[in-house]
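Presented sequentially are two complexes of subunit A, the first with subunit B as partner and the second with subunit C.
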Partner chain A sequence: MAGPMKMRATLGQGFTEVRVLMTHPMETGQRKDSDGKLVPMHFIQNLTVKLNGKTVVDAQISQAVSRNPVFSFRLKGGAKGDKIEVAWLDNQGDSNSTESAVA
Partner chain B sequence: MNRIRRALVAALVICIARPLAALAAWNKDAFGAKTAGDALKSLGIGNAAPSKEVTIDAPEIAENGAVVPIEITSNLPGTTALIVVIDNNPFPLIARFDFKENALPFVKVNVKMGETSEVRVIAEAGGKHYVATREVKVTIGGCGG
Partner chain C sequence: MKPIALLAALALTGAAQAQDTAKEIQRYRQMIAEGSPVELFEFAGEELWKRPQGPSNVSLEKCDLGRGPGVLKGAYARLPRYFKDADRVMDLETRLLHCMTTLQGRSEKDAAARVFGTADRPAEMESLSAYIAAQSRGMKLDPGVSHPKEKQSIELGRALYFQRAGAWDFSCASCHGEEGKRIRMQDLPVLYKPQFARPVIASWPAYRLSTSGFITLQWRMNDCYRQMRTPEPNFGSDTTVALIHFMTVTARGETYRGPGNKR
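Let's look at the complex of A and B:
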């Protein structure tokens, strides 16, 4: 089950700043649990940012992004009420998305 | 009979094609590479020219390698992608961001660093590659646990 996501999109000077937080363990496959067993890799691989339904950022990421990833992106222009959508997909086929309007 | 068969084949094609389309691309070779050079080769990046227009904002010394904040920007016109590589990590390729016309080539993200390393950011602009490098010293690594 994918954990919650949080997003805030605000108008900056000439751009819209999108800050998004994802709840995800981002396991590298190198960490051992308390029994000394390796914890299997579990990490987000793909991340997409959409502005009013059109993809603006397409990202591929590795297990070396910190746990509970926080990203900031900047979009050209933008106006109050524009719809921003962020979606992710991990290596185990889990996914989640969130959307919000520019404030 | 023929019609039924055709319908079945069509249904099968849809069943197979759908999940494939839903799976976004992830460059397994590049992300699985153990050296920065191999990772860049898998991404088709040869010689990247050093550029002051590509900037990396990162701490000089990171006390906790599990969370190292980095901010990357390209001021090169027509930048379409930013690639992050941390040379001394077990898997050096960290991320590739592709920007479409309405996005600015800027990203802020927290990354894990196993040890002190060069952090490299490569910008793709007009089919050419430009690189910026910065060393980040790590006191406690963030890859094990």
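Let's look at the complex of A and C:
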């Protein structure tokens, strides 16, 4: 079960600043647990961002990203009330998504 | 002439290096703060605050943290303080434990069974602390100082700070007693002096990057005593509360900026 996810989208001068927080273990597959067994890889593979239904970011990421990642980026344009959707999919088929309006 | 010039040059490089290190640590801390997932813990804490639990199957929403039942705004900034219903001084976590036993009808053993979590499974107490502390952001730290039991607790905390004990005969002041010291990246603030206690207390509880977990002041007391090799203090004991109380009173008046970030 995917943990909480949070997003904030704020309007700047000609751009929209988006900040997404995700709960995810981001296991590299290199770590051993207390019994000495390898913890299987478990990481977010795909991240998609949609602005009013149109895909603006389609990212492939890897194990190199930390646990509970934060993604922060600027989108060109955007207006107050625009709908931003963010979704992720990990290598074990788990997924989560959230949406918010630009403020 | 020559050796003197060389020595002066060496001294200069040393000073420059120390300054560079301090600057780099500062930069690193800023990077941590920008990517902090503290809000995720606040979010999880809010759910736990509102979730009915225990034999009484009620949430903690009626819990009185000192400003009236269910009032969260500014509650953390006014802790620790004396609570009449429990007849003792309590910090946030001790008070939460009190509410879990009185309101939710859970046994203390059950409620305190897992107060310090791991990255994979944060403890209930940690997420709750994040949620509640966040609602005192921007407010002045104003712990209780007037009730006789509060005065007693502060004095006990002060005494404990300097009390050497355990196999290594350490006190808090053994590490946190001299200015300008640090262990690797971590400054060792002199916590009985306001100018050092203020920024530290104003940022606890906090997200800890190296363990990907949320840490609380009760955890900090517990872990410091572990490092000092004393027997483990009880969660929410008069000892741990008194130390937290003493340090918070030392930081009194500082604007709360937490939940913060640790390396």
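The criterion applied here is as follows: the second predicted complex is superposed on the first by the 103 of 103 C-alpha atoms of A that agree within 3 Å, B and C clash if a C-alpha of one lies under 4 Å from a C-alpha of the other, contacts with A are read in each partner's own complex, and residues count from 1 in each chain.
Just so we're on the same page, a residue touches a chain if its C-beta (ideal position, glycine included) is under 8 Å from a C-beta of that chain, and two chains touch if they have at least 3 such contacts.
Everything quoted here is computed from the prediction, not taken from an experiment.
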Fit or clash between subunit C and subunit B when superposed on subunit A: fit
Touched partner set for A:R31, first subunit B, second subunit C, both or neither: first
Touched partner set for A:Q60, first subunit B, second subunit C, both or neither: first
Touched partner set for A:V70, first subunit B, second subunit C, both or neither: both
Which superposed partner A:G3 touches (first subunit B, second subunit C, both, neither): second
Subunit B versus subunit C, judged by how many residues of subunit A each one touches: B
Angular separation of subunit B and subunit C about subunit A, which is computed from CA centres of the superposed model and rounded to the nearest 10 °: 120
Which of subunit B and subunit C A:T23 touches, first, second, both or neither: second
First (subunit B), second (subunit C), both or neither touched by A:Q45: first
Gap in Å between nearest CA atoms once subunit C and subunit B share a frame through chain A: 6
Set intersection of subunit A contacts, subunit C complex versus subunit B complex: 66-67, 69-70, 72
Parts of subunit A lying in touch with subunit B, wherever the complex brings them together: 15, 28, 30-32, 39, 45-46, 48-49, 51, 54-67, 69-77, 89
In the complex, subunit C residues that touch subunit A: 34-37, 39-40, 43-44, 47, 119-120, 212
In the complex, subunit B residues that touch subunit A: 23-27, 31, 66-68, 71, 86, 89-91, 93-104, 106-113, 142-145
Of all residues in subunit A, those that touch subunit C in their complex: 3-6, 21-23, 25, 66-70, 72
